[in-house]
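One chain, chain A, links the two complexes that follow: it is found with chain B in the first and with chain C in the second.
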Partner chain A sequence: MRLGFELVMMPLLAFVIGLLMVLLLRRIGARLQRRVGPPFLQPLYDVVKLYAKRTQVSHGLIHEIGIVMAVGGYVATETLLPVPGMNGLADKGGVITLAYMMMVPSLGLALGVGQCANPNGSIGIARALTAMLAYDIPFMLVIFGAAWVYGTTDLSEIIALQQHGAWGVERMPLLALAGLMTLPALMGKQPFEIYVAPAEIATGPMVEMGGKFLGGLFVMQAFQLYTLGVLYATLFLGGGENWPLFLVKIFAVVSIPMTIAWLYPRYRTEDMLSAMWRWPLLTALLGIAMVMI
Partner chain B sequence: MNDRVQSPGERVTRTNPLAHVFDELSRFCRSRSLFILHYCTGCGAIELPPAMTSRFDMERLGIQPMVTPRQADILLVTGYVSVKTLKRILLTYEQMAAPKYVIGICSCTVNGGMYWQSYATAKVLKAYLPVDLYIAGCMPRPEAVITGMRALMDDIAAGRAESWKRYYTHYDHYLGNQQALFGENWQTPTDVLAEARHYGLLGERSEGEHTALLERHQQPLEPLTMRLRAPAGGEEKA
Partner chain C sequence: MSAFDLLLGLAAVGVAYAWVFGRHARCGWIITLVYAIQFGVLLSMGGLAYSGRTPVAASFGFQFLGQSLHWRLDAVGWFFALITLGVALLASGFMAGEWGRTWRARGGSLRGLHLALALNVFAMLVLLASGDLLSLFIGWELVSWASYLLMALDGVRARDAALRYLTYALAGAMAILAGIVLLWVEGGDLAFDAVARLLPGLPDGRLWLLVLLFASGFGIKMGLLPFHLWQPKAYALTPGPGAAFLGAISSRMGLFALLVVVIRLFGLDRLAGLSVPFGLFSARDLLAWVGVLTIVLPTFTALRQQDARRLLAWHGVGQTGYMLLGVAVGSDLASAGGLMHVFNHASYQALLFLVVAGILHRTGTTDLNRLGGLVARMPLSFFLMLVGIIGLAGLPPMNGFVSKWMIYRALIDAGSPLLFIGAVIGTLGTILSVYKLLHNCFLGQLRLEHQDIEELRWTQLVPMLLLAGVVFVTGWFPGLVLDWVGAAQAALGLPVLAHTLGGVARAHGGLDMIWLVGVLLGGFGVGALVFLLGGRARRVHPLDNYAGGHFLDSHTRYQYSDDFYAGLMHRIGPWYRGLFQRGEEALVAWVDLLSLAMQGLYRQARPALWLVAALVVSLSWVLGAA
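Let's turn to the complex of A and B:
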């Protein structure tokens, strides 16, 4: 009973917090450009509007299943992420399962975009999967290093260990730094958004998405931001003791990549690969070496 | 290629007691979240960057630029429309998802403006597709653009901005004007009459002599054959 309640509540909370994170990122972007930015409920208006469109152009079954996978993958991910007061499936899944689940949305998107048969979409998704190759290696090393330090892959246990001792960021500063360097790529933020590239390939994977399909992707983005914020806070910032502190941590984590996003021009795919496989990867390897010695 | 339009057509009887609440909510959200597709081939486009950036900031009103017709709500036609670009505008318009709105910016979209005597310019935009709002001026300042946007938002929230339905109910009229300009074998990939039927908007003025002419000239759309051209020296593969 309790578990069932948690399994419903955790994705719902993630959705609400994720929409707030989208708002936060858009506001930060606006303030950096000396604009006012969107109103408080703007992400919600966008999603409701997209789902309320009269025309919903589908390109076939796989197109629809792709979006369901993209959103469903993250809904499943949220149940594996412990939040204050709720553990969900965290103690049964662990961080390895979580890392696998986080790949499902990208693959679902690839399937869905494939059926749209739009060349811009195909180019976009090819770039997105290459980007995944770029950031997943340092990301996996960071997860591996953290699991090695804590001696467990159980996220709720990791939180308990940090709350009775030092935070992860103190015990493995280099790994935390590597994680932070990978974060913009994981979020698809500015220097690493070649796969969206609106002016070049017309938003890549999203090119044929309209109405509820684009709405699904907006929901997916909200979940994605939430997932990354919570995962980072769980591994390195002591997780959530209580809700207010937890929210401060996860919002701080997702706002860091956005505040530096517009310092860089957009990297090309090969530059992104060499950037990701050089600095975050080296930092992560050094971090692992430090904690193992 | 095999696009099909999915949403169910207008039901005559609505059994959900909350249907009007949902209608109200969706109208409100539509008015507060507008994705613009710029069709910026005219000079009016120069007034849009200031309207979007820090001086006037359209994102305050929930207005955002989008890049493909599938994602957009508003088709913004800025300035004069030549006969060639009008074809692209119509292709774009027909691909957009309903409810969709068209805004004509600058005098050129209203009556041809300074291109009145040009042989290559389509003078009156609303003869070829339904226009929700004109923002006149040569060129209108960002204040005027934003005032126009607010007027459109009010119309959407009140349920008055329904011009996309007019394209279906009066398709024969619009098609006639298009054929007068492009010749009688003009056709687009979209089957507008089938969409009108789907939305329950097929009226007595949807079909007529012009749609009959279209049917006579319409050729089935074939997918383009994919051809790979091998590097110089290699033979061409089909």
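Let's turn to the complex of A and C:
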């Protein structure tokens, strides 16, 4: 009964917090550009508007299934991420499973875009998958290092260990740094946003997406921000002792990449590979060497 | 008569039937029935795998040079035999119906195909039940030749590829024979337990030699680096169901032999103690690293393939690396992952080869640049390939994820970051590559010439649906397979993994797929509900889309299938050097040169003189020895 409640609440909370994160990122972006930024409920309005649009264009069943997978995959993923007071299925999967579950929504998106038969969409997917190859190598090394240091892949155990001892960021600062360096790419934020291509919709995965299809992807993005923020806070910042502290931590984590996002010009796909395989990878390897030797 | 006698007898009946009645129209169904009976007999021995009873022995056997040759099926052999017969049954069912008729109408020899498949099954059963090194060698040779027959069926190019395979296989067999002779010289007894008693006492140098001989001999069949070049081409050119069978299980015979000889007889601890000076690198590390290289390099070669069958065949090479890596790491979790991957790989690889065979059957091509959009015409085949590629890529909820999870988890326990990241890179590369496969076959723009093709017939779909069911169900309830894997581990002397129906329950992070798949399906349900809450969508024609001012139609070719990962190839393209290919060419050139020189000697330069010289030398050697 209790577990059932958690399985419902965890994705719901993730959705609400994810929308707030979208709002936060937009506001930070606006302040950096000396704009006011959107009102508080704007992300919610966006979702409602997109889902309620009268013109909804589907390119076929797989297009629809892709969007369902993109949202549904994250709904399932959220139940693996412990939050204060709720562990959900954290002991059933662990951090490796979580990392692979996060690829299911991407696969869904790729399927949906593929069916649209738009060459520009396929270009976007090829870029997105290449980007995944770029950031997941240092990211998985970071996960390896953390799991090795804590001696467990169980996220609730990792949190307990940190709350009774030192935080991960103290025990493995280099790995925490490497994780932070890959975060903008994982989030698809500037300067690594070429695969989302928000500025030139015609050459990205979104090209055939409108209405609730785009709405699904918007929800997916909210979930994605939440998942990454919570995962990072769980691995390195001691997880959540209580809800206020937890929220501070996860909002801080997602806002760091955004505050430095516009310092760098956008990376091309091939340059993104070099960027990810150079400093984050080296830092992660050094970090692992530091904790293992 | 034991159950194994019956099994082997039925396999022989299958061969004889295919030989005599192979041209008959109903032949395919009757042979499929024979496989089904064999499968039933094997399952009736199933207690073997669950409870670790004594192996089922054959009632025949003979003496040769003072060695007694005998055959018996233990839990390891049973596990591999289960996969062999299962895949043979489904592949045979696939070709019994419309596929076979069309294949024969196009001039292929259906009798040859059935016969070669039956011979393969027979040979593999003989190998899997070998009870000593000599019977193992006999089985090994039978399997090598049987695979050759299956590979050489489809035209001149296939025969060339098969001949290349045979050259590799013969070299491997020589290495194995040399190892067996060495053991014979050392101990004089080739029974497994006698060899196991003999090995620990041997000096390190001799052991290294034996490990290298056996591992490279068996590794050639497995397609381990650097002996992998024969495999992709040979498998890609084998007719569809045959390729499914070969890709699923044939190369695994190398792994089986490696398990029973190198892992069981030498023992992992002895291999770990076998190190080069300064203890930097042991024989076990060597195996693990060969495993990782076999994962990474072939996977990225697969990424560059333009042909669906080649792409799959290259992945077949790559996935073997996971099995070797798991077994070489050797902990309960890792070796269970490696062994379970044999089963998982067989299920999705056979499925994928059959889907591609279906595409070839309907469209006449497997060139990834000449396909696309087929989901509109063959939706079930699309769904089947989707299940297969999720399994191959190792993502939840399919079974490939479970075995790979075990290997990752074990590598974290073992503290091997480099092996771990190698395994991860392989998985990521696989995701890229299989998406390209699916995209270029089924998604994107439907070509004009494929506007009217039909979905496959049920005779083809049913075997594939069964395989897809296996991929999904054993992903949801991996404990079903882990029971058998545990028995195999016990028979190999490896630590046995304690498991549950849902996966692995252990302190500090286990896996429970029952919950995970459940929650994933629930998540999809929620996603679907949310989706349906939105406004009603209008279906448009696939080509009704926005291309920045251009208009797409069926005459304008969809140009984004060739060089799919252009950005990636910009970066890593120069890293492909074709080193192995050039190495092989260099070796061939040297052998050519050497044989020319020999020819020159005995053909032109006074053969009589050389004959006399050879006679004198051998005479003096014999006299000197006396």
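Here, the second predicted complex is superposed on the first by the 288 of 293 C-alpha atoms of A that agree within 3 Å, B and C clash if a C-alpha of one lies under 4 Å from a C-alpha of the other, contacts with A are read in each partner's own complex, and residues count from 1 in each chain.
Note that a residue touches a chain if its C-beta (ideal position, glycine included) is under 8 Å from a C-beta of that chain, and two chains touch if they have at least 3 such contacts.
These numbers were taken from a predicted model, which means no experiment stands behind them.
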*Would you sort A:103 into first (chain B), second (chain C), both or neither based on which partner it touches?*
second
*Figure out whether A:214 sits in contact with chain B (first) or chain C (second), or with both, or with neither.*
first
*Who does A:288 touch here: chain B (first), chain C (second), both, or neither?*
second
_Residue contacts with chain A in the superposition, chain B compared against chain C_ = C
*Considering only touches as defined above, state whether A:153 meets chain B (first), chain C (second), both or neither.*
second
*Touching A:117, do we find chain B (first), chain C (second), both, or neither?*
both
*asked:* With both complexes superposed on chain A, which partner does A:37 reach: first (chain B), second (chain C), both or neither?
replied: first
*asked:* Just to be sure I read the superposition right, which of the two partners does A:57 touch: chain B = first, chain C = second, or both, or neither?
replied: both
*asked:* Taking the stated contact definition, name every residue in chain A that is touched by chain B in one complex and by chain C in the other, in rising order.
replied: 50, 52-60, 117, 202-203, 207-208, 211
*Contact footprint of chain C on chain A as seen in their complex*: 7, 11, 50-62, 64, 67-77, 79-80, 89, 91-97, 100-101, 103-104, 107, 110-111, 114-120, 122-123, 125-127, 129-130, 132-133, 136-137, 140-141, 144-145, 147-148, 151-154, 157, 202-203, 207-208, 211-213, 215-216, 219, 268-270, 273-274, 285, 288, 292
*Of all residues in chain B, which touch chain A in the complex?*
1-7, 25-26, 29-30, 32-33, 53-54, 57, 59-60, 62, 66-71, 73, 96-99, 199
*Report the residues of chain C in contact with chain A in the complex, numbered from low to high.*
373, 375-376, 379, 382, 386, 390, 394-396, 401, 405, 408-409, 411-412, 415, 417, 420-421, 424-425, 428-429, 431-432, 435, 438-439, 442-446, 502, 507-512, 515-516, 519-520, 522-528, 530-531, 533-540, 542-548, 552, 558-561, 564-568, 570-572
*Which positions of chain A touch chain B when the two form their complex?*
26, 30, 33-39, 41-42, 44-46, 48-50, 52-60, 117, 198-199, 202-203, 206-211, 214
